[in-house]
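In structure tokens below, several structures.
In the two complexes below, subunit A is the common chain; its partner is subunit B in one and subunit C in the other.
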Partner chain A sequence: MNQVVVHPERCVGCMQCMLACATAHSRNGTLFGATLERPQPKPRIHVGAGRFNEGFPNRCRHCQPAPCQSACLAGAINRIASTGTVMINLDRCINCASCAMACPYGVIRFHEDPFGPPNRPIAVKCDNCSNRVVKGLIPACVEVCKAGALTWEAVDDAMRRKNREVARAMTGEADCPNVPAGVALLKFIKRAELELNER
Partner chain B sequence: MKHVIIGNGIAGVSAAEVIRELDATAAITMIGDETFPPYSRPMISYVLEGSQSHAKLPIRSADFYNELGIEPILGQRAAGIEVESCQVVLANGATVPYDRLLIATGADPRPIKADGLGLKNIFYMRTQAHAAAQVAALDNARKAVVLGGGLVGFKAAYGLLKRGLAVTMLITSGYPLAMQVDLVAGQMILAEMVRHGLTVEVGVTVQGFAGSKRVEAVVTDTGRLLDCDLVIIGKGVLPCRDFIPKDRVEVDLGVVVDEYLQTSAANIYAAGDVAELHDLARDCRWVNALWPEAANQGRVAGYNMAGIRLAYPGSLSRNVMRVFDLDVLTVGNTDPRDEDGFVTVSTGGQANRFYRRLVIKEDRLVGAVLIGDIEQGGVLRALIENRTPLRLPAERLLRPGFNFGQLL
Partner chain C sequence: MLDQKSSLSVTKDCDLLYAKARRDGIETVWERHEAQQPQCGFCDMGLSCRICVMGPCRVDPFGEGPQTGVCGADADIIVARNLCRMIAAGAASHSDHGRDLVEVLAGVANGSAIGYKIRDEAKLKRLATEYGIAVDGKETLALAGELAQEMMEDYGMRRKAIQLVDRAPQKRQEVWKKFNLIPRGIDRETSEMMHRTHMGVDNNWVTLLLQGMRNALSDGWGGSMIATEVSDILFGVPTPRSTMVNAGVLKADQVNIVVHGHNPVVSEMVSLACQSQDLLDLAKAKGAVGINLVGVCCTGNELLMRRGIAMAGNHLMTELILSTGAVDMMIVDYQCIMPSLGKVAGCYHTKMISTSDKAQFPQMEHVEFHPDNAEKKAFDVVRTAVENFTNRKGAPFIPVEPQPAVGGFSVETIISALGGTADPLIDAIKTGKIRGAVGIVGCNNPKIKHDYGHVTLTKRLIENDILVIDTGCVSVANAKAGFKLPEAAEMAGPGLQAICKALGIPPVLHMGSCVDNVRILVLVSALANALGVDICNLPVAGSAPEWYSEKAVTIGVYFVASGVTTHLGPMPPITGSMNVVKLLTEGLKDVVGATFAVEPDPEKAAIFLRQTIEGKRQALGLDSRSVG
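Right after this comes the complex of A and B.
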């Protein structure tokens, strides 16, 4: 079963995934159309600045068990067994924000959604692009990521690849670095800038 | 193995579900005072304010007991526990034997002593039945008085304001939610409520209620009359533990349990609003009568009753609420008044309609209050609950852009 796997070390903070996510969750389906829609479609992946100002793509991990699910006062959060996706039932959600208290990653937002009930804010988070995946598409954030920070693959495969990369780096066979040189340079510059500012 | 669970609130329901998950054949009996299907107790305040219908309260199927193969004994309270012979005594004198017992009796509204309590339109706020009765009384109500400014009183006052009633709240502290938030946050919440029409009276003691059939006024100890046609008593809750033999089971404010949620008596466990256990932020025993706590404790108690040793590291107070246009999130020990060794940092305040306050002890976060931008509250909650040593200066956690990535 494929999942969105996040590789934060590769994120350059371009926020393309946020735009693609908001577009994928708009009624119009195109970026420019989405900007004109009301309520405004909003991203469900959030690129924030990490400790050293590096990009950090933050999205729902679809935890198992999911703390948001057990904290939901309205019984509005459930898991789709076939895909493992944790979903918020927009009809049952009462916008109480108990899930914000429960989520250890801070990835749930509260606002009106183009597909939600009219004039009523609800909890909104990543749905693994379920509507795209049933059509044979991959999640929008993965499709648009050019840095390889978001991939669509089986977690076991991602884990094996990562293990190999780490092993190679440890044994000095680092001729193919696990982070591209350009990304590493960008992160280095951001960190240096920050350290200079804080001096 | 025969499991008996006293209480059909979320702690009891969660425990029963876990036991059934782990043991398909165990006998499970649930004794419950309420006959309504398992429902979301915190949602009754949404029913009062009118944003949700009463029909949305159930969070399990109406056939819950049957589906899980549970023998329900509903509409009855436990009247005693015979620890030696391992049985629960019901109010009608019947006995229910157990191999493992869970006390998940929850809490009752803290009663008040006053004259005229039998008048119509005087309500407590604890059950779906209370909420239904309150809503039914709204049609002819214009002026309400709410007793208490804690969580219950606050929710009652907020709901009635949302319904367009003129509400007077009688509180003993200078601001509502004094147990949940610090002075600055409390005054922000108070100001927001007052902006929407709330009247607050501090330090008023209620002597009784006046009226012919229906309540018409609250009588204070100074003899003053506060006109009203509806009263909600929201003075907090008390654990339901009077039926427990205190010489056999250790009882303090609540039923004292260890990290496996076991009481001092063999094969008897307790969870939820009735349980008193280690509080992670306060570092002492505490009753945290909160729904998410009850759900989590119920599950862990279920594991232990089913024979799988599972520790519950401790409870943690936490609350999140919308106060008109203010979003408020509080967690842990937010106001360590007389204790040493705490450092607090804060940003924002009344003028900003935005506020963040963090309470730190040694190198760990123990409390947080957020007003506005509450989305990262869960990250802070996890830091407190996991007792994670802070690697960042606390000021970094106050910044608007703070996110999980900064903790890595």
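Right after this comes the complex of A and C.
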């Protein structure tokens, strides 16, 4: 079963996944159209800044068991058995925020949604782009990520690949770095800049 | 609000005013920088391209995603094009500033620039002679008109070479000829740079970067140099002057007017208006003791250099200065003026005035200054500022006492302080009392702790007998740190200390605004000529520890292209192409005899710069120290 796998070391912090997510969850379906829509569609993936201002694409892990689901007394959160996706029922959500308090990752937000009940904020989070996937598309965030920080694949496949990369790095040549030189250079400079602030 | 673990600055007034600004609910550059994190890695690496509308495109630095834009440009081409467009923008900015001065010069000649005049006839004559104009028997104004015409030709396309490259040592000009780097026209090189970076024109990243150097040289030895020289003709050649710096230069009991921006065309007229007896009387009537004109940013440096007018702060201080609540008016022209300032001023009684027909800002009143009306407009706005004195909301918060400093070191005054020739300086370098000189220039950047880079680097260099000359925002940082007093010789190493004491000069010489970086070019040319070597052989270097702007990129490139190895604190957006990185940090040595180096930590940068200087000394056959 495919799912969105996050490779944080690849995130360059461009936030394109956020724009694509909001667009994919709009009625209009285009970026410009989505920005004009009311209520405003909002991203369900959130790029945060790490300690060295490196990007991190934070999204729902669709946990099993899901703390949000356990915390939802209104019974608005359920799991689609075939895909494992944890979904929020827009009409049953009572906006109590219990799910958000239970969520270990801080990826549930509260606002009006283009597809939600009118004039009422509800809990909104990643739905694994279920509407796109049934049409044979991949999730919007994965589609736009040009740095390979988000992939759509079976977790076991991703882990096997990573295992192979790690194993090869152990026996790799010294001049064959794991990370491209330019990326390593920029990271090094950014760290150095931030360390100055501690002085 | 920022999670402020440690202070944002090495300066006390910055930290105290930042706290005040936050109490007043003001959002500053630091909050906005925090809100931008993480910044886009494609852009940070120079790998995003917005040049055409087949795109926008970006190249995956990890090698799996797209490796070329829609047009087929690879990482090298995209990075080079982006960097070259930064150079073009920087050259355009400084050179357009120069153009405005040439227009005033022409206006003085034909009588339309009311209130402006030729303040230094001798310099006018020297410049006219350089431009091949027969000087003898000509009226001053006629000469000014002819010089303005000749300088306009430098901006155009009729020349094979702009005039002032002749000031460079012969050996340097030969290097430029060999690599076809001699700028033909100031605007021409910028236009050609924009042309070559259009989709489907120059797609060789090396030749793109060579044109980038020619474009930067068209600024350094063209537009910027004209800006400085014409400013000297119109407003006087700077001479050493005592002044005061930091937020403490604002006065609770006076009308405080802050000029911000770059061009002395506006600030000089404001300075004259502030001395008007009518307005001083009006200030008294409003309960103020006087009118206190101070500067921030480079237009402040221009006034400091020529009038000794005080400096309240540098780039990152511009918002905080308003949070004193003591500023009755801020008058801006162009460049480096944060569009947030109008909003900040809205929290206080401060009136914000924009003056340039090419620079307007939100929440500012626009009073357009032109050479023919500047005298009157300056009078009008200063009167408005005086009238605003009574609108202050509560007592101002002026957190520190001002720091005295000396500024105003033009090449002319440095040479005259040395007794008419550069020989004493050259002797001091030869004997090793002074190891060499570093020009520390450039901006502030919220990526680097405010003024930490400038002050730390300067301290380490003078401790090691390296003379520091500075311009722009660095000069304010160093003045605030107390380096700009003759007594600061105590902070220098024994050799530099002895020379400073003998000449009565500080170990850090303030050479002016950011266009005045060209004074450094003129100075190093004089030294190279005196020694009969090329600039790249001299024990000198450049540094921009906290740079942020496109103008700074251009300055860095014209320094390097002129043979001055230059250190940068923040990394330019080039890491997407290790080919470009290697060319700029290594390969250029074989082209122009100088390279760039990037190092955010000023302690390590000081070691690099000392090694550079000692290496040059060794190559010249002078004594050299090991640095490690």
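Methods note: the second predicted complex is superposed on the first by the 185 of 199 C-alpha atoms of A that agree within 3 Å, B and C clash if a C-alpha of one lies under 4 Å from a C-alpha of the other, contacts with A are read in each partner's own complex, and residues count from 1 in each chain.
The rule is short, and it goes like this: a residue touches a chain if its C-beta (ideal position, glycine included) is under 8 Å from a C-beta of that chain, and two chains touch if they have at least 3 such contacts.
Keep in mind it's a predicted model, so treat the numbers as computed, not measured.
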item	value
Simultaneous placement of subunit C and subunit B on subunit A, clash or fit	fit
Contacts of A:Gly148 with subunit B and subunit C, given as first, second, both or neither	second
Partner chain(s) touched by A:Ala81 [first = subunit B, second = subunit C, both, neither]	neither
Touched partner set for A:Ser98, first subunit B, second subunit C, both or neither	first
Contacts of A:Met1 with subunit B and subunit C, given as first, second, both or neither	neither
Touching partner for A:Gly50 - first (subunit B), second (subunit C), both, neither	both
Partner chain in contact with A:Val183 - subunit B first, subunit C second, else both or neither	second
Touching partner for A:Met170 - first (subunit B), second (subunit C), both, neither	neither
Contacts of A:Val134 with subunit B and subunit C, given as first, second, both or neither	neither
Shortest CA-CA distance between subunit B and subunit C [superposed frame, angstrom]	5
On subunit A, positions contacted by subunit B and by subunit C	48-50, 54, 56
Of subunit C, residues touching subunit A in the complex	5-6, 8, 37-45, 48, 58, 60-66, 447-449, 452-453, 569-571, 575-578, 581, 598-601
Contacting residues of subunit A [partner subunit C, same complex]	10-15, 47-50, 53-56, 145-148, 180-183, 185-186, 189, 192-193, 195-199
Residue ranges of subunit A touching subunit B (in the complex, touch as defined)	8, 46, 48-51, 54, 56, 58, 67, 70-71, 73-75, 92, 94-110
Residue numbers on subunit B that touch subunit A, as the complex places them	14, 40, 42-43, 46, 51-52, 56, 59-60, 291-292, 295-296, 299, 318-322, 327, 329, 331, 374-379, 381-382, 392, 401, 403-408
